[in-house]
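In the two complexes below, chain A is the common chain; its partner is chain B in one and chain C in the other.
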Partner chain A sequence: MICTGCSCLCNDVVVNGTRIMNACIKGYRHIAGAKENRSEAKIENRTVSIDEAIEKAIEILKNSRNPIIFGLDTTTLEAQSLAIRLAEKLECYIDDNSSFCLGEIVEAIIKKDVPSTTLDDVRNKAYVVIYWGANPYTSLPRHMSKFTYYPRGEKRPRGYEEDRYLVVVDVRKSETAMLAKKNAKFLKVEKDDELVDSFLLAVDGKAGKFGSEVGVILKEMKKSDFNVLFAGLGLKYGISNMDRFFEMIKKINEKVAPLYLLPAGFHANMRGFNETLFEKTGFVNKYSFREKRSEKEFEFMELLKKECVDAALIVGTDPLKSLPFEIAKKFMKIKKIVIDPKTSLTSKVADVVIPSAISGVECGGKMVRSDGVRFKLEPLEEKEINDVLIFKKILEGV
Partner chain B sequence: MPLTPMDIYKLLPKTNCKKCGEQTCMSFAFKLLNREKKIEDCKPLFEEKRYEKQKEKILEILKPLEKATETGLVVNDELCVGCGNCVVVCPIHVEKDPYGMAIGNGPNIDNPILRVENGKVKVCNLSICRRYGKNRILCVVCRENCPSNAISFLEG
Partner chain C sequence: MLRISKFMKFEAEVVVARDVIFENDSLILVHPNLAKIYGLRDGNVLEISRGDKIINLRVKISEKAPENGCLIPNNIFASYLCDTQNFKRFKAFLELSDSKATELEEIIRRLRE
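Up next, the complex of A and B:
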């Protein structure tokens, strides 16, 4: 089966009774813990039937002047397209976690502003592998062993021993940085901007703050025609100007050696949402169907801050857990509909809860891996009530 | 802390009595660590009362030996995250399964040395490990590439 625990979408997981083979601890908990902590249909904390909950959700959405659809990162492409159709019909806002995750990087890749590649090509061809602000040990445990540094590839038969060069850029010595031993470099940075400047200067033959280290990395890059940079959340929050970072990638490509950019990883199908919305509207997230444009102020957080929305349809995510207190207080004032297979902090305070199925374990569909490759899911069972059915019913209702 | 033959030797009677069949207590300590001898083979340690305290200490420090596998490999389940680095880097896996574990996938062979099961690495078949048997090589590749230090060897 294909594990939907994170955006690696590992396709070699085997489930044999209670034994789950080849999945990392995240995947194991995702699959084995599927039956735990399930949500049930509720209206204002009163248990009801699923149809009643859907009816109530339709009523809230109809009566709302400014609703928002938020989340959708763990559901399938089919459910995401239906959610976008619903947003179009309601002329409302739609946003997902990518607006404060790696959306900017995915947008640049989808628009082909920066060169990108697939993880299979990385395995077969990549020489210099850079992890910038990412610690796959915690977020994507199998990333290094399945795709990037450790496996042997067609053009890299000697694998990590001689055919790869690992660079880890982080603010602390993370577990991934510990692995940077032979043929590797760990760069401890205080400000990511300084390292970007160093790269830009080094390309022009000048020395910046990290002059000697950057010189060694660029020299290694020249040895190969395929190098890759994985950008993580540490980069997104550490850098003040993302355009400068993209300029650095382009400059290295022009003057030194081919360097491809890939997002390190995120929720299972976040890139799927970005691609689906991009096909429909030309923007990857934070979109308003009423004003037909995407703006920073249409972000879920900004809308809540300015009290622009009066109802929210939350799908497969738990915003209350991560919202700052002041914004969480404002979030509590609006009507909340939650579609989620599991109980979460948000579903506990929601006005309507609609239980659903876990994509990839209990229902099929398609998902997009972090590098843009599409996969057809192979669920263990097919549940009758899933995100697609719920969205179809809501669409009919409104 | 890794256990060394010297740690064991310090607690033995050091009389070179040869009752265990070895020429010296030091060589007995080596073989004890390699699990070719058992601590019970040291007769004076168990029979004579003056070695009582030493015996207790030595039994205490030998406890990790019971947990360790035939090659001295110890996997700490609590630290392992199932990343599979150890499975992919193992030179024996690469040789025997070039289109499975060598390229990062799950094993295609029946009995790999290590495999990830239920999110943790599990020791399956040590008889093909480089560290197994008499002509062994002290290979530490799996330990070197474990990000969480979940893999360790008795000798350190």
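Up next, the complex of A and C:
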């Protein structure tokens, strides 16, 4: 089966009865723990039937003046398309976690503003592998062993022992940084901007704060025609000007050696949402169907901050866990509908909870890996109630 | 035994990290260097304050925390302390506390207020 535990979408996971093989700890928990902590259909904390919960959700959406649909990064492309159609019908806002995750990076890649590649090509060809503000050891446990550093590829037959050069950039010595020993470098940064500046200066033959380290990395890049940089959330929050980072990537490509950019990973189908919305609207997230444009002010967090929305349909995500307190307090004041197979903090405080199926485990469909490669899911079972069915019913109702 | 550190309040950088073990626990990972300076041990409770927000988290000494700083898993406790400008990295004041670690229900109660 294809594991939907993270955006690696590992396609070699085998489930034989109770045995789960080839999965990482995250994938194992995702599949083996599928039956745990399940959500129930609820209206104002009172257990109801699924149909009643859907009816109540329709009522809230119909009565709302400014609703938003948010989340959708763990569901299938089919459900995402229906959610976008619902947002269009309601003329409302739609956004996903990418607006405060790696959306800017995915957008630049989709628009071909920066060169990107696939994880399969990374496995076969990449020499210098940079993880910047990412800790795949815990967030994407098979990333390094299946795609980037450890495997032997077509042009990298000696794998990490001789054919790869690992660079880890972080504000702390993460587990991944601890692996940067042989043919590797760990760069501890206080301000990510300083490292971007150092790369930009070094490309022009000048020395910045990290002059010597950057010099060594660029020298290693020159040895190959295929290098890759994985950008993580640490980069997103550590950098003040993302355009300057993209300029750095372009300059290295022009003056030093080919360097491809990939997001280091996120929810299983976040890229799927970005691509689906992009195909429909030309934008990857924070979109208003009423205003027919995407703006910073249409981000889920900004809309809550400015109290611009009165109801939220939350799909397969748990914003209450991540929203800053002041914004979370405002989120508590609006009507909340949650579609989720699992109980979450948000579902505990929601007005309506609609239980669903876990995409890839209990229902099929398609998803997009973090590098843009599409996969058809091979679920272990097909549950009758899933996100697609729920969205179809809501669409009919509104 | 009297611990001088018990009366010390100090400022440290806090980094919020995803996919850390014990993600949902009220824990703060403190780097051994910082723990040594302030005499912190595993299981101590630290009062963490930022502006008018205060929570108590249990200490776990770990090299995974930034040097001379701390790490909080990406959870509601971290979100309670952060703001939109300093979403995943901020400075906070830390002080040993005799109280219990803050529970999830307490944060939800404060959210509902």
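One rule holds for everything that comes next: the second predicted complex is superposed on the first by the 398 of 398 C-alpha atoms of A that agree within 3 Å, B and C clash if a C-alpha of one lies under 4 Å from a C-alpha of the other, contacts with A are read in each partner's own complex, and residues count from 1 in each chain.
Just so we're on the same page, a residue touches a chain if its C-beta (ideal position, glycine included) is under 8 Å from a C-beta of that chain, and two chains touch if they have at least 3 such contacts.
Because the structure is predicted, anything quoted here is derived from the model rather than measured.
Contacts of A:Ala32 after superposition: chain B is touched, whereas chain C is not reached.
Once chain A of one complex is fitted onto chain A of the other, the partner contacts of A:Ser322 are limited to chain C, with no touch recorded for chain B.
By the touch criterion defined above, A:Val349 lies against chain C but remains apart from chain B after alignment on the C-alpha atoms of chain A.
When the two complexes are overlaid on their common chain A, residue A:Asn22 makes contact with chain B while staying clear of chain C. Once the two complexes are laid over each other on the shared chain, residue contacts for A:Val398 go to neither chain B nor chain C. Contact with chain C, but none with chain B, is seen for A:Tyr237 once the two complexes are overlaid on the shared chain. Using the contact criterion defined above for the overlaid structures, shared-chain residue A:Glu175 touches chain B and also reaches chain C.
Touch criterion not met for A:Leu380: it reaches neither chain B nor chain C. Chain A residues 26, 138, 175 lie at the interface with chain B in one structure and with chain C in the other.
Taken in their complex, chain C has these residues touching chain A: 15, 17-21, 53, 63-67, 69, 71, 74-76, 79-84, 87-89, 104, 108, 110-112.
If you check the complex, the residues on chain A that touch chain B are 12-14, 19-29, 32, 123, 137-138, 141-142, 144-147, 150-153, 159-160, 175-176, 178-179, 181. Chain B contributes residues 80-85, 87-89, 94, 98, 102-107, 115-120, 144-145, 147-148 to its touches with chain A in the complex. Listed in rising order, the residues of chain A touching chain C in the complex are 26, 100, 135, 138-139, 171-175, 188, 233-234, 237-238, 301, 305, 320-329, 332, 345, 348-349.
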